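Heads up, there are several structures right after this.
In the two assemblies presented below, chain A is common to both, partnered first by chain B and then by chain C.
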Partner chain A sequence: MLDGDVRELRRLAASIESFCRERGLGDDVAFDLNLALEELFVNAVKHGGCRGMESAARVRLELVEGGVAVEIADRGAPFDPTAAPAPDLGTPLAARAAGGLGIHLVRQVMRDVRYARTGGWNRVTMRRHL
Partner chain B sequence: MALEIHQREREGVVILELKGRITAGGEATALREKVAAVSAAGPTNVVLDLVGVDYIDSTGLGALVMCATSLRKNGGNVKLLNLNRRNIELLVMTKLATVFEIFTDELDAVSSYYPDRKVKTFDILDFVQRMNKEG
Partner chain C sequence: MIQVTQEERSGWCVVGVRGRADSEAADDLEHALRGAIEMHGKVAADFGALDYISSAGLRAVLQAARAAEERAAEFAVCHLTGGVKKVFEISGMHHLLRIQGELPC
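Right, the complex of A and B next:
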(Lines of atoms letter the chains of each structure in order from A and count residues from 1; the text may use other names and numbers.)
(Lines give C-alpha, C1' and ligand atoms only; values in the text may rest on other atoms or scores of the structure.)
Protein backbone atom coordinates (compact mmCIF):
# COMPACT_ATOMS: atom_id res chain seq x y z
CA MET A 1 0.00 0.00 0.00
CA LEU A 2 1.21 3.49 -0.80
CA ASP A 3 0.13 6.69 0.88
CA GLY A 4 -0.86 9.67 -1.26
CA ASP A 5 2.53 11.35 -1.25
CA VAL A 6 5.06 11.55 -4.09
CA ARG A 7 7.78 10.76 -1.56
CA GLU A 8 6.39 7.22 -1.71
CA LEU A 9 8.04 6.96 -5.15
CA ARG A 10 11.27 5.85 -3.53
CA ARG A 11 9.53 2.99 -1.73
CA LEU A 12 7.75 2.04 -4.95
CA ALA A 13 11.02 2.05 -6.89
CA ALA A 14 12.74 -0.07 -4.23
CA SER A 15 9.89 -2.64 -4.35
CA ILE A 16 10.08 -2.87 -8.14
CA GLU A 17 13.84 -3.24 -8.01
CA SER A 18 13.69 -6.10 -5.51
CA PHE A 19 10.86 -7.80 -7.45
CA CYS A 20 12.99 -7.75 -10.59
CA ARG A 21 16.21 -8.71 -8.86
CA GLU A 22 14.65 -11.70 -7.08
CA ARG A 23 13.26 -13.01 -10.39
CA GLY A 24 16.34 -12.32 -12.48
CA LEU A 25 14.60 -9.69 -14.62
CA GLY A 26 16.87 -7.18 -16.33
CA ASP A 27 17.30 -3.46 -15.88
CA ASP A 28 15.13 -2.71 -18.92
CA VAL A 29 12.17 -4.48 -17.34
CA ALA A 30 12.69 -2.65 -14.05
CA PHE A 31 12.96 0.65 -15.90
CA ASP A 32 9.66 0.13 -17.75
CA LEU A 33 7.78 -1.07 -14.67
CA ASN A 34 9.11 1.92 -12.75
CA LEU A 35 8.14 4.30 -15.49
CA ALA A 36 4.57 3.05 -15.90
CA LEU A 37 3.79 2.65 -12.21
CA GLU A 38 5.35 5.94 -11.18
CA GLU A 39 3.45 7.83 -13.85
CA LEU A 40 0.11 6.36 -12.82
CA PHE A 41 0.81 6.81 -9.11
CA VAL A 42 1.94 10.42 -9.51
CA ASN A 43 -1.15 11.11 -11.60
CA ALA A 44 -3.39 9.78 -8.84
CA VAL A 45 -1.60 11.91 -6.22
CA LYS A 46 -1.34 15.12 -8.22
CA HIS A 47 -4.55 15.06 -10.21
CA GLY A 48 -6.75 12.33 -8.73
CA GLY A 49 -7.24 13.76 -5.27
CA CYS A 50 -5.08 11.13 -3.51
CA ARG A 51 -2.68 13.68 -2.03
CA GLY A 52 -2.51 13.22 1.73
CA MET A 53 -4.67 10.07 1.66
CA GLU A 54 -3.51 7.09 3.72
CA SER A 55 -3.30 3.81 1.81
CA ALA A 56 -4.21 5.66 -1.36
CA ALA A 57 -2.87 3.11 -3.83
CA ARG A 58 -1.82 -0.50 -4.10
CA VAL A 59 0.45 -2.21 -6.58
CA ARG A 60 0.66 -5.86 -7.57
CA LEU A 61 3.33 -7.45 -9.74
CA GLU A 62 3.27 -11.03 -10.89
CA LEU A 63 5.63 -12.93 -13.13
CA VAL A 64 3.46 -14.79 -15.62
CA GLU A 65 4.20 -16.69 -18.80
CA GLY A 66 5.82 -14.32 -21.26
CA GLY A 67 5.75 -11.25 -19.10
CA VAL A 68 4.99 -9.37 -15.93
CA ALA A 69 1.34 -8.76 -15.06
CA VAL A 70 0.93 -5.41 -13.37
CA GLU A 71 -1.95 -3.91 -11.45
CA ILE A 72 -2.13 -0.51 -9.85
CA ALA A 73 -5.26 0.66 -8.08
CA ASP A 74 -5.97 3.97 -6.39
CA ARG A 75 -8.80 5.53 -4.43
CA GLY A 76 -8.75 8.78 -6.35
CA ALA A 77 -11.37 10.36 -8.59
CA PRO A 78 -12.41 8.18 -11.53
CA PHE A 79 -9.78 8.39 -14.25
CA ASP A 80 -9.47 6.11 -17.25
CA PRO A 81 -5.94 6.42 -18.68
CA THR A 82 -6.92 4.32 -21.69
CA ALA A 83 -9.35 7.07 -22.70
CA ALA A 84 -6.94 9.98 -22.17
CA PRO A 85 -6.22 11.87 -25.41
CA ALA A 86 -2.77 11.47 -26.90
CA PRO A 87 -0.52 14.52 -26.37
CA ASP A 88 0.33 16.67 -29.36
CA LEU A 89 4.02 15.87 -29.66
CA GLY A 90 4.38 18.19 -32.62
CA THR A 91 3.82 21.30 -30.53
CA PRO A 92 6.80 23.69 -30.55
CA LEU A 93 8.93 23.49 -27.43
CA ALA A 94 7.94 26.91 -26.13
CA ALA A 95 4.27 25.97 -26.21
CA ARG A 96 4.68 22.61 -24.51
CA ALA A 97 3.28 22.29 -21.03
CA ALA A 98 5.34 20.62 -18.33
CA GLY A 99 3.97 17.12 -17.81
CA GLY A 100 1.16 15.63 -19.86
CA LEU A 101 3.48 12.97 -21.22
CA GLY A 102 3.02 10.36 -18.51
CA ILE A 103 0.11 8.39 -19.94
CA HIS A 104 1.76 8.49 -23.37
CA LEU A 105 4.85 6.86 -21.88
CA VAL A 106 2.75 4.21 -20.12
CA ARG A 107 1.20 3.30 -23.47
CA GLN A 108 4.63 3.16 -25.07
CA VAL A 109 6.25 0.74 -22.65
CA MET A 110 3.31 -1.44 -21.54
CA ARG A 111 0.85 -3.67 -23.41
CA ASP A 112 -2.77 -4.67 -22.80
CA VAL A 113 -3.51 -1.60 -20.68
CA ARG A 114 -7.03 -1.95 -19.27
CA TYR A 115 -9.07 0.13 -16.87
CA ALA A 116 -11.97 -0.61 -14.54
CA ARG A 117 -13.65 1.37 -11.80
CA THR A 118 -14.71 -0.96 -9.02
CA GLY A 119 -15.74 -0.28 -5.43
CA GLY A 120 -14.38 3.26 -5.43
CA TRP A 121 -11.02 2.20 -6.87
CA ASN A 122 -9.44 3.01 -10.22
CA ARG A 123 -7.92 -0.29 -11.31
CA VAL A 124 -5.41 -0.37 -14.15
CA THR A 125 -4.01 -3.69 -15.34
CA MET A 126 -1.29 -4.03 -17.93
CA ARG A 127 1.52 -6.26 -19.03
CA ARG A 128 5.22 -5.82 -19.69
CA HIS A 129 6.21 -8.47 -22.22
CA LEU A 130 9.52 -10.26 -21.74
CA MET B 1 17.60 9.13 -4.17
CA ALA B 2 17.59 12.94 -4.09
CA LEU B 3 19.05 14.74 -7.07
CA GLU B 4 22.59 15.96 -6.44
CA ILE B 5 23.66 18.93 -8.55
CA HIS B 6 27.29 19.95 -8.83
CA GLN B 7 28.04 23.20 -10.63
CA ARG B 8 31.22 24.20 -12.40
CA GLU B 9 32.21 26.28 -15.39
CA ARG B 10 34.15 25.56 -18.57
CA GLU B 11 34.97 28.29 -21.09
CA GLY B 12 32.07 30.43 -19.95
CA VAL B 13 29.57 27.58 -20.09
CA VAL B 14 27.86 26.45 -16.89
CA ILE B 15 28.13 22.69 -16.46
CA LEU B 16 25.63 21.13 -14.09
CA GLU B 17 26.56 17.56 -13.20
CA LEU B 18 23.46 15.72 -12.07
CA LYS B 19 23.36 12.56 -10.01
CA GLY B 20 20.23 10.67 -9.04
CA ARG B 21 16.75 10.69 -10.51
CA ILE B 22 14.82 13.53 -12.14
CA THR B 23 11.31 12.72 -11.03
CA ALA B 24 8.17 14.13 -9.47
CA GLY B 25 9.40 13.60 -5.93
CA GLY B 26 10.92 17.09 -5.72
CA GLU B 27 13.98 16.39 -7.84
CA ALA B 28 12.49 17.95 -10.97
CA THR B 29 11.69 21.10 -9.00
CA ALA B 30 15.26 21.18 -7.64
CA LEU B 31 16.62 21.12 -11.20
CA ARG B 32 14.31 23.89 -12.37
CA GLU B 33 15.26 26.04 -9.37
CA LYS B 34 18.96 25.45 -9.93
CA VAL B 35 18.75 26.43 -13.60
CA ALA B 36 16.69 29.51 -12.69
CA ALA B 37 19.35 30.48 -10.15
CA VAL B 38 22.34 30.11 -12.49
CA SER B 39 20.59 32.08 -15.23
CA ALA B 40 19.26 34.86 -13.00
CA ALA B 41 22.08 37.24 -13.91
CA GLY B 42 21.48 37.16 -17.68
CA PRO B 43 21.83 34.98 -20.78
CA THR B 44 23.43 31.70 -19.71
CA ASN B 45 24.67 28.74 -21.70
CA VAL B 46 24.27 25.49 -19.80
CA VAL B 47 25.33 21.89 -20.28
CA LEU B 48 23.43 19.33 -18.24
CA ASP B 49 25.69 16.34 -17.63
CA LEU B 50 23.31 13.45 -17.03
CA VAL B 51 25.91 10.70 -16.64
CA GLY B 52 24.76 10.06 -13.07
CA VAL B 53 21.04 10.17 -13.87
CA ASP B 54 19.63 6.68 -14.13
CA TYR B 55 16.00 7.63 -14.44
CA ILE B 56 13.81 10.47 -15.71
CA ASP B 57 10.02 10.44 -15.55
CA SER B 58 7.51 12.64 -17.39
CA THR B 59 7.76 15.32 -14.70
CA GLY B 60 11.53 15.28 -15.19
CA LEU B 61 11.09 15.60 -18.95
CA GLY B 62 8.77 18.53 -18.27
CA ALA B 63 11.48 20.11 -16.12
CA LEU B 64 14.02 19.74 -18.96
CA VAL B 65 11.55 21.44 -21.31
CA MET B 66 10.95 24.27 -18.87
CA CYS B 67 14.69 24.76 -18.34
CA ALA B 68 15.19 24.95 -22.11
CA THR B 69 12.35 27.40 -22.71
CA SER B 70 13.34 29.73 -19.88
CA LEU B 71 17.05 29.73 -20.84
CA ARG B 72 16.28 30.28 -24.53
CA LYS B 73 13.82 33.05 -23.74
CA ASN B 74 16.66 34.87 -21.95
CA GLY B 75 19.10 34.42 -24.82
CA GLY B 76 20.87 31.35 -23.43
CA ASN B 77 20.51 27.65 -24.16
CA VAL B 78 20.89 24.18 -22.72
CA LYS B 79 22.59 21.10 -24.19
CA LEU B 80 22.35 17.55 -22.85
CA LEU B 81 25.41 15.42 -22.19
CA ASN B 82 25.90 11.71 -21.38
CA LEU B 83 22.31 10.47 -21.42
CA ASN B 84 21.96 6.74 -20.90
CA ARG B 85 20.24 4.63 -23.55
CA ARG B 86 16.88 4.44 -21.75
CA ASN B 87 16.76 8.17 -21.15
CA ILE B 88 17.48 8.81 -24.82
CA GLU B 89 14.62 6.42 -25.65
CA LEU B 90 12.33 8.53 -23.46
CA LEU B 91 13.33 11.64 -25.40
CA VAL B 92 12.64 9.80 -28.65
CA MET B 93 9.25 8.49 -27.48
CA THR B 94 8.18 12.01 -26.54
CA LYS B 95 9.73 13.61 -29.64
CA LEU B 96 11.95 15.74 -27.43
CA ALA B 97 15.12 14.30 -28.95
CA THR B 98 14.75 16.67 -31.86
CA VAL B 99 14.50 19.79 -29.73
CA PHE B 100 17.58 19.14 -27.59
CA GLU B 101 21.14 18.85 -28.82
CA ILE B 102 22.65 15.72 -27.32
CA PHE B 103 26.35 15.05 -26.84
CA THR B 104 28.51 12.23 -25.58
CA ASP B 105 31.62 14.35 -25.05
CA GLU B 106 31.84 17.36 -22.74
CA LEU B 107 34.25 19.29 -24.95
CA ASP B 108 31.86 18.90 -27.91
CA ALA B 109 28.93 20.10 -25.78
CA VAL B 110 30.88 23.19 -24.66
CA SER B 111 32.29 23.82 -28.14
CA SER B 112 28.78 23.75 -29.62
CA TYR B 113 28.32 27.20 -28.09
CA TYR B 114 31.18 28.44 -30.25
CA PRO B 115 30.03 28.58 -33.90
CA ASP B 116 33.58 28.50 -35.27
CA ARG B 117 34.40 25.13 -33.69
CA LYS B 118 33.81 21.69 -35.15
CA VAL B 119 31.69 19.49 -32.93
CA LYS B 120 30.32 15.99 -33.05
CA THR B 121 26.69 15.68 -31.97
CA PHE B 122 25.01 12.46 -30.99
CA ASP B 123 23.52 10.78 -34.07
CA ILE B 124 19.89 10.48 -33.01
CA LEU B 125 18.74 9.11 -36.38
CA ASP B 126 21.21 6.27 -36.16
CA PHE B 127 20.08 5.63 -32.59
CA VAL B 128 16.40 5.47 -33.62
CA GLN B 129 17.19 3.11 -36.49
CA ARG B 130 19.06 0.78 -34.13
CA MET B 131 16.23 1.09 -31.57
CA ASN B 132 13.65 0.11 -34.21
CA LYS B 133 15.75 -2.86 -35.35
CA GLU B 134 16.13 -4.11 -31.77
CA GLY B 135 12.53 -3.36 -30.85
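Right, the complex of A and C next:
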Protein backbone atom coordinates (compact mmCIF):
# COMPACT_ATOMS: atom_id res chain seq x y z
CA MET A 1 0.00 0.00 0.00
CA LEU A 2 1.21 3.45 -0.88
CA ASP A 3 0.00 6.75 0.51
CA GLY A 4 -0.80 9.57 -1.89
CA ASP A 5 2.62 11.20 -1.67
CA VAL A 6 5.37 11.33 -4.30
CA ARG A 7 7.90 10.53 -1.55
CA GLU A 8 6.43 7.01 -1.49
CA LEU A 9 8.47 6.40 -4.67
CA ARG A 10 11.44 5.58 -2.43
CA ARG A 11 9.54 2.73 -0.80
CA LEU A 12 8.20 1.59 -4.18
CA ALA A 13 11.70 1.56 -5.70
CA ALA A 14 13.08 -0.36 -2.72
CA SER A 15 10.42 -3.05 -2.96
CA ILE A 16 10.89 -3.40 -6.73
CA GLU A 17 14.63 -3.78 -6.17
CA SER A 18 14.20 -6.53 -3.60
CA PHE A 19 11.56 -8.29 -5.74
CA CYS A 20 14.00 -8.37 -8.66
CA ARG A 21 17.05 -9.29 -6.59
CA GLU A 22 15.32 -12.22 -4.88
CA ARG A 23 14.25 -13.62 -8.25
CA GLY A 24 17.50 -12.98 -10.09
CA LEU A 25 15.92 -10.42 -12.47
CA GLY A 26 18.28 -7.91 -14.06
CA ASP A 27 18.59 -4.14 -13.71
CA ASP A 28 16.79 -3.65 -17.03
CA VAL A 29 13.69 -5.38 -15.66
CA ALA A 30 13.83 -3.36 -12.43
CA PHE A 31 14.19 -0.20 -14.50
CA ASP A 32 11.06 -0.87 -16.56
CA LEU A 33 9.00 -1.87 -13.52
CA ASN A 34 10.05 1.34 -11.77
CA LEU A 35 9.24 3.40 -14.82
CA ALA A 36 5.77 2.00 -15.46
CA LEU A 37 4.76 2.03 -11.79
CA GLU A 38 6.12 5.53 -11.13
CA GLU A 39 4.27 6.96 -14.12
CA LEU A 40 0.94 5.45 -13.10
CA PHE A 41 1.33 6.13 -9.37
CA VAL A 42 2.45 9.74 -9.80
CA ASN A 43 -0.35 10.31 -12.29
CA ALA A 44 -2.88 9.19 -9.67
CA VAL A 45 -1.29 11.45 -7.03
CA LYS A 46 -0.94 14.54 -9.20
CA HIS A 47 -3.97 14.31 -11.46
CA GLY A 48 -6.26 11.68 -9.94
CA GLY A 49 -6.88 13.40 -6.62
CA CYS A 50 -4.87 10.88 -4.55
CA ARG A 51 -2.57 13.49 -3.04
CA GLY A 52 -2.66 13.27 0.75
CA MET A 53 -4.84 10.14 0.70
CA GLU A 54 -3.80 7.30 3.01
CA SER A 55 -3.45 3.89 1.33
CA ALA A 56 -4.16 5.53 -2.00
CA ALA A 57 -2.62 2.82 -4.16
CA ARG A 58 -1.52 -0.79 -4.03
CA VAL A 59 1.00 -2.60 -6.18
CA ARG A 60 1.42 -6.29 -6.83
CA LEU A 61 4.26 -7.99 -8.69
CA GLU A 62 4.33 -11.65 -9.60
CA LEU A 63 6.85 -13.68 -11.55
CA VAL A 64 4.88 -15.71 -14.08
CA GLU A 65 5.70 -17.81 -17.13
CA GLY A 66 7.65 -15.59 -19.51
CA GLY A 67 7.45 -12.37 -17.56
CA VAL A 68 6.47 -10.28 -14.58
CA ALA A 69 2.76 -9.67 -14.05
CA VAL A 70 2.22 -6.18 -12.66
CA GLU A 71 -0.87 -4.72 -11.08
CA ILE A 72 -1.36 -1.22 -9.75
CA ALA A 73 -4.64 0.00 -8.35
CA ASP A 74 -5.50 3.45 -7.02
CA ARG A 75 -8.48 5.14 -5.42
CA GLY A 76 -8.28 8.24 -7.61
CA ALA A 77 -10.68 9.63 -10.19
CA PRO A 78 -11.46 7.23 -13.05
CA PHE A 79 -8.59 7.28 -15.54
CA ASP A 80 -8.01 4.78 -18.32
CA PRO A 81 -4.38 4.96 -19.47
CA THR A 82 -5.11 2.62 -22.38
CA ALA A 83 -7.45 5.25 -23.82
CA ALA A 84 -5.09 8.23 -23.41
CA PRO A 85 -3.99 9.77 -26.71
CA ALA A 86 -0.38 9.19 -27.75
CA PRO A 87 1.86 12.26 -27.46
CA ASP A 88 3.01 13.99 -30.62
CA LEU A 89 6.73 13.29 -30.42
CA GLY A 90 7.42 15.36 -33.52
CA THR A 91 6.37 18.77 -32.17
CA PRO A 92 8.99 21.43 -31.58
CA LEU A 93 10.43 21.85 -28.10
CA ALA A 94 8.65 25.11 -27.31
CA ALA A 95 5.25 23.79 -28.37
CA ARG A 96 5.36 20.41 -26.67
CA ALA A 97 2.77 19.88 -23.96
CA ALA A 98 3.84 18.42 -20.64
CA GLY A 99 1.38 15.53 -20.38
CA GLY A 100 1.03 12.25 -22.20
CA LEU A 101 4.68 11.29 -22.14
CA GLY A 102 4.46 9.16 -19.00
CA ILE A 103 1.68 6.99 -20.38
CA HIS A 104 3.59 6.68 -23.65
CA LEU A 105 6.55 5.29 -21.69
CA VAL A 106 4.32 2.78 -19.88
CA ARG A 107 3.03 1.50 -23.21
CA GLN A 108 6.53 1.25 -24.61
CA VAL A 109 8.03 -0.86 -21.83
CA MET A 110 4.99 -2.97 -20.88
CA ARG A 111 2.80 -5.40 -22.79
CA ASP A 112 -0.88 -6.34 -22.40
CA VAL A 113 -1.77 -3.12 -20.56
CA ARG A 114 -5.39 -3.43 -19.44
CA TYR A 115 -7.64 -1.19 -17.41
CA ALA A 116 -10.70 -1.81 -15.29
CA ARG A 117 -12.68 0.36 -12.90
CA THR A 118 -14.04 -1.69 -10.02
CA GLY A 119 -15.41 -0.69 -6.63
CA GLY A 120 -13.96 2.82 -6.71
CA TRP A 121 -10.52 1.65 -7.81
CA ASN A 122 -8.63 2.16 -11.05
CA ARG A 123 -6.95 -1.15 -11.74
CA VAL A 124 -4.20 -1.47 -14.34
CA THR A 125 -2.67 -4.84 -15.14
CA MET A 126 0.29 -5.26 -17.46
CA ARG A 127 3.21 -7.51 -18.17
CA ARG A 128 6.97 -7.04 -18.53
CA HIS A 129 8.16 -9.76 -20.84
CA LEU A 130 11.42 -11.51 -19.99
CA MET B 1 17.36 11.42 -5.20
CA ILE B 2 20.14 12.97 -7.26
CA GLN B 3 23.58 14.35 -6.51
CA VAL B 4 24.83 17.14 -8.71
CA THR B 5 28.36 18.36 -9.34
CA GLN B 6 29.42 21.29 -11.47
CA GLU B 7 32.80 22.08 -12.99
CA GLU B 8 34.18 24.22 -15.76
CA ARG B 9 36.20 22.60 -18.50
CA SER B 10 37.54 24.35 -21.62
CA GLY B 11 34.71 26.85 -21.87
CA TRP B 12 31.95 24.41 -20.93
CA CYS B 13 30.10 24.10 -17.65
CA VAL B 14 29.76 20.37 -17.01
CA VAL B 15 26.86 19.41 -14.74
CA GLY B 16 27.35 15.85 -13.50
CA VAL B 17 24.17 14.14 -12.32
CA ARG B 18 24.18 10.92 -10.29
CA GLY B 19 21.30 8.84 -8.93
CA ARG B 20 17.62 8.70 -9.78
CA ALA B 21 15.86 11.47 -11.73
CA ASP B 22 12.32 10.51 -10.66
CA SER B 23 9.27 12.64 -9.89
CA GLU B 24 10.66 13.47 -6.48
CA ALA B 25 14.02 14.66 -7.83
CA ALA B 26 12.79 16.39 -11.00
CA ASP B 27 12.63 19.87 -9.48
CA ASP B 28 16.19 19.56 -8.18
CA LEU B 29 17.38 18.45 -11.62
CA GLU B 30 15.64 21.31 -13.39
CA HIS B 31 16.98 23.80 -10.84
CA ALA B 32 20.56 22.54 -11.23
CA LEU B 33 20.48 22.61 -15.04
CA ARG B 34 18.72 25.96 -15.31
CA GLY B 35 21.07 27.47 -12.74
CA ALA B 36 24.05 26.45 -14.88
CA ILE B 37 22.38 27.73 -18.06
CA GLU B 38 21.73 31.13 -16.47
CA MET B 39 25.42 31.49 -15.63
CA HIS B 40 27.12 29.91 -18.65
CA GLY B 41 26.83 30.06 -22.43
CA LYS B 42 27.75 26.39 -22.87
CA VAL B 43 26.37 23.69 -20.60
CA ALA B 44 26.88 19.93 -20.85
CA ALA B 45 24.76 17.62 -18.71
CA ASP B 46 26.83 14.52 -17.91
CA PHE B 47 24.36 11.70 -17.22
CA GLY B 48 26.97 8.94 -17.14
CA ALA B 49 26.20 8.16 -13.48
CA LEU B 50 22.44 8.58 -13.78
CA ASP B 51 20.78 5.24 -13.00
CA TYR B 52 17.16 6.09 -13.71
CA ILE B 53 14.91 8.67 -15.32
CA SER B 54 11.13 8.93 -15.69
CA SER B 55 8.96 11.35 -17.66
CA ALA B 56 9.27 13.85 -14.80
CA GLY B 57 13.06 13.83 -15.17
CA LEU B 58 12.74 14.16 -18.95
CA ARG B 59 10.48 17.17 -18.50
CA ALA B 60 13.12 18.77 -16.27
CA VAL B 61 15.69 18.29 -19.04
CA LEU B 62 13.27 19.69 -21.64
CA GLN B 63 12.58 22.74 -19.48
CA ALA B 64 16.32 23.32 -19.19
CA ALA B 65 16.70 22.94 -22.96
CA ARG B 66 13.94 25.47 -23.45
CA ALA B 67 15.68 27.92 -21.12
CA ALA B 68 18.91 27.40 -23.09
CA GLU B 69 17.06 28.05 -26.35
CA GLU B 70 15.67 31.32 -24.97
CA ARG B 71 19.11 32.46 -23.88
CA ALA B 72 20.78 31.20 -27.06
CA ALA B 73 23.02 29.05 -24.86
CA GLU B 74 24.47 25.73 -26.00
CA PHE B 75 23.10 22.74 -24.11
CA ALA B 76 24.24 19.17 -24.66
CA VAL B 77 23.13 15.96 -22.94
CA CYS B 78 25.97 13.44 -22.73
CA HIS B 79 26.92 9.91 -21.65
CA LEU B 80 23.48 8.31 -21.65
CA THR B 81 23.65 4.64 -20.68
CA GLY B 82 21.35 1.63 -20.24
CA GLY B 83 17.75 2.33 -19.35
CA VAL B 84 18.28 6.09 -19.28
CA LYS B 85 19.41 5.99 -22.90
CA LYS B 86 16.40 3.87 -23.82
CA VAL B 87 13.97 6.33 -22.19
CA PHE B 88 15.47 9.24 -24.15
CA GLU B 89 15.18 7.22 -27.36
CA ILE B 90 11.60 6.01 -26.96
CA SER B 91 10.53 9.55 -26.01
CA GLY B 92 11.84 10.99 -29.25
CA MET B 93 14.21 13.28 -27.35
CA HIS B 94 16.91 12.95 -30.01
CA HIS B 95 14.72 15.20 -32.20
CA LEU B 96 14.56 17.85 -29.51
CA LEU B 97 17.90 17.77 -27.74
CA ARG B 98 21.54 17.70 -28.62
CA ILE B 99 22.47 14.23 -27.35
CA GLN B 100 26.01 12.98 -27.65
CA GLY B 101 28.01 10.02 -26.44
CA GLU B 102 31.00 11.98 -25.22
CA LEU B 103 31.34 15.32 -23.47
CA PRO B 104 32.06 18.18 -25.89
CA CYS B 105 35.12 19.18 -23.88
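One rule holds for everything that comes next: the second predicted complex is superposed on the first by the 128 of 130 C-alpha atoms of A that agree within 3 Å, B and C clash if a C-alpha of one lies under 4 Å from a C-alpha of the other, contacts with A are read in each partner's own complex, and residues count from 1 in each chain.
The rule we apply is simple: contacts are C-beta pairs under 8 Å (C-beta built on N, C-alpha and C of every residue); 3 or more make two chains touch, one makes a residue touch a chain.
Because the structure is a prediction, the values reported are computed rather than measured.
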Room on chain A for both chain B and chain C (clash or fit): clash
Touched partner set for A:A69, first chain B, second chain C, both or neither: neither
A:V113 touches, of chain B and chain C: first, second, both or neither? neither
Touching partner for A:A84 - first (chain B), second (chain C), both, neither: neither
Set intersection of chain A contacts, chain C complex versus chain B complex: 6-7, 9-10, 13, 28, 31, 34-35, 38-39, 42, 89-90, 93-94, 96, 98, 101-102, 104-105, 108
Residue numbers on chain B that touch chain A, as the complex places them: 1, 21, 23-26, 55, 57-59, 61-63, 65-66, 68-69, 72-73, 86, 90, 93-95, 99
Chain C contact footprint on chain A (complex, rising order): 6-7, 9-10, 13, 27-28, 31-32, 34-35, 38-39, 42, 89-90, 92-94, 96, 98, 101-102, 104-105, 108-109
Parts of chain A lying in touch with chain B, wherever the complex brings them together: 6-7, 9-10, 13, 28, 31, 34-35, 38-39, 42, 46, 89-90, 93-94, 96-102, 104-105, 108
Touch list for chain C against partner chain A, complex: 1, 20, 22-24, 52, 54-56, 58-59, 62, 65-66, 69, 82-83, 87, 90-92, 95-96
